[in-house]
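What follows is a single structure, written as structure tokens, with notes after it.
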Amino acid sequence: MQISYKPGSGLLYSLNPLVKGAMTFAAIIFFSVNSLGLWAMAALIVAFLIICRLSRVALLDVILSIRRIALLLLIVGVIQGFGTTGFSLLMAAEAMLRILGVFLVAGVYVTISSQSELTFFWEACFRPLSLFGFPAREFALIMVIAVRFFPVILGEIERIRMAQTARGAKLEGGGLLASAASLMPLMIPTLTQAVIRAGELAQAMEARGYRVSAQRTRYQRFRFGLSDFLAMLVPIMLFYYLLHPFFMAQ
Amino acid sequence: MNNGITEIKLQNLTVKYGDATLLENLCGGFKRGQVNLIVGRAGSGKSTLLRTLAGFHKEFSGTVMAEERSFNPSGNISLVFQNPEALFFNGTVGEEVGYALKMRGLPVEEIEQTSVKWLQQWGLTPERCWNRHPLELSGGEKRRLALAACTVFLPPVVLLDEPLAGLDMRGQRSLAAMLAAMAADHIVIVVTHEPELLLAHSSSLLYLHSGSGQWFTPDAFLREALNNNSFFPLPDWYARALSPYRDTAVLPQIDAISVHRFVSECR
Amino acid sequence: MIVFDQVAFWYKEKSETSFELKEVSFSLQKGLINGIIGGNGSGKSTVARLIAGLLPVLSGALTVNGESPYQQLHHSGFLAGLIFQNPENQIVGTTVEEDLAFGLENLGLSHDEMHCRIIETAARFGLTSLLRQPVTSLSGGQKQLLCIASVMVMEPAWVIFDEPTSHLDPWSRLEFWKIIDEFVHHHDLGVVIVSQLAEDLTRFEKILGFKEGRLLFNGSGEEFRSTGDDIHAHFNYPESWKYERLQLTADQQKIT
């Protein structure tokens, strides 16, 4: 199962894309650098999941996808667990929980944001750069389409992998160099397919009147409501928590 | 050629994909010596069945048996997809064909000999294309190269997904004949939207429809399709060629190839 | 009406082997199923892209309803929509609604206008209940329908289909031809279908046959059928016509 946009109508869904993006951004930074300790973080994650549940976010795929990063979690846990005083289970769990938190927040963000919402947010982020002639809207659209094509390409790789292993290609095992070489059977057909797809998509977009220089209008209208103002408190609070030691020091 | 398996049997095969049950309690078998056909609408579970047989789709219950033993797909099966571009990754046609043999650790001279022989068998001239890039070949040649590269190691079971799609009639006909010839040495299982081209070489057809599979003889399949266009829309010309025989007890083996031969002889 | 008057086109690196469309003249009318046939490298896809305005005419004149499609497409206009064969590679949005809106956003329409058109088109194609659905959850047939709807929502005068049937199952092919018949004979829409499949030929009411950048045949479906082997040899000839011929000769033999 892939993490992808699943439509819904709960509170989290109805937020302005800017707020959604800001909250996600703040939460990811928060989980990466906070120093709250194991229990507070676990409580926060549980609280986050409960809020998602109340907003009827389809959590199943996100949670099932955790097994994809299981290996990463384990490695980080082992490395971080070894401190000056030998292996500490608490340290290991804390490090793993950080990654888990980041993963869950990002996964939920992708689940509740449609393409136009993602484009809207990314564009807003890049807009300051457009002062220097940077094509913000186009760049945002490219990023979003890349994200959309991700599951398609993954499916393709899966198919190619099947056919190649059937021919006897060894896709796992061996040293670093050997495993890099063993990826060749997958890489070339995948890239060939990706280039073909990209070319066709570009033509299809152009045929529907898309031009880089064009004045495009926007179909979706995003309002900034009361709930958005309240929700903005979340990133503000998170950033306050992260930054206040610096202010205190002054 | 000896690659052991002459029949694989399905016993109560139930295939799931997430929450959805794609196929339920499928029983039956695929035999050597004929082309096994699988027909059904897009989304009827054809591809997932192929994946299951190949051992890549694990969400299933029931068993797949080969010669009274549980079937181990690893090394015994080959998959050929509709677009050959997705299969090629070697720099030359020669390497492409020989790859599967190289992976099995055969000596170089033997690989080359077998590859040359195999290219010829699939109607490609080795002298002309040996050093060319696989993607430089024409559409029909690419398809045949894909088949050659996927069968050179003599897998007992070969699964083909839409091998005839996108070729012109002439290409389809010659490929159909090649597939029929291949069936002597392999269990050939073909998923296709053009069963009429292969029916003459087939004695069983699996029809997948909303979660269940039904086995037909070519005769019964054609009769059903003639009476009910939504069961399977046969191409216009083929239905017309068959319709005079609709009420006879046994339908004549009118396959597309013999109709065509008849037509071209008359011209 | 589409008019090609001595239209030529070549790609940048003009060499002896590269493809070239050589001074082609013809016209296509609404109300007929127009078919363009030919093998690989015949020029049929180039013609389709010229009509859609994706490629500029390098010499000669091409007009669609009296206007140049290339100029129109580059100035927020829209004359002819182009639909490709693989739906997976032409859906831009993540939801049905977003994909329908994509082309309209490019046209620079107001929100209300877009909303009206999307609701109307969705109803026409039976996509209303799917509007908020992610495109990944659609079936193959629904994706194909969405691709057609996404172009139709832009209200083009002409629609060009590039090899639409080659990847469909036999059931979906029947449904596709039903839609085309509806478009051509009950709505005021010009339709051009580019195809390699011999069986599609029997559905065409007007046929343009290309070979190596030249227009070899220009006439009605009936004319194509009765023309000689010197033309037929260059194209895929439908099996059903062969069979009918066979029956005819068999009947004649019976009589004599």
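When the chains are written out, they are named A, B and C in that same order, and each has its own residue count from 1.
One rule holds in what follows: a residue touches a chain if its C-beta (ideal position, glycine included) is under 8 Å from a C-beta of that chain, and two chains touch if they have at least 3 such contacts.
Just so you know, these numbers come straight off a predicted model, no measurement behind them.
> Would you mind checking which chain's C-alpha centre is most distant from the centre of chain B?
Chain A.
> Please state which pair of chains has more C-beta contact pairs than any other pair.
A-C
> So how far apart, in whole Å, are chain A and chain C when each is placed at the average of its C-alpha atoms?
Roughly 39 Å, centre to centre.
> Taking the mean of the C-alpha atoms as each chain's centre, how many Å separate chain B from chain C?
31
> Give me the residues of chain A that touch two or more other chains.
none
> Of all residues in chain A, which touch chain B in the complex?
Checking each residue of chain A against chain B gives 1, 156, 158-160, 162-164, 166-170, 184-189, 192-193, 196.
> Using the touch definition up top, name the residues of chain C that touch chain B in the complex.
Of all residues in chain C, those touching chain B are 39-40, 139-141, 166-174, 196, 198-199, 202, 236, 238-246, 249-250.
> Which residues, counting only chain B, touch chain C once they are in their complex?
41-43, 138-139, 165-166, 168-169, 193, 230, 232-238, 240-241, 256, 259-260, 262-264, 266-267
> Which of the residues in chain B come into contact with chain A in the complex?
18, 51, 54, 56, 75, 77-81, 85-89, 99-100, 103-104, 135, 149-150, 153, 155
> Quick one: which bits of chain C touch chain A in the complex? Just the residue numbers, please.
For chain C paired with chain A, touching residues are 49, 52-54, 73-74, 76, 78, 81-82, 84, 86, 88-90, 92-95, 97-98, 101-111, 114-115, 118, 132-134, 136, 150-151, 154.
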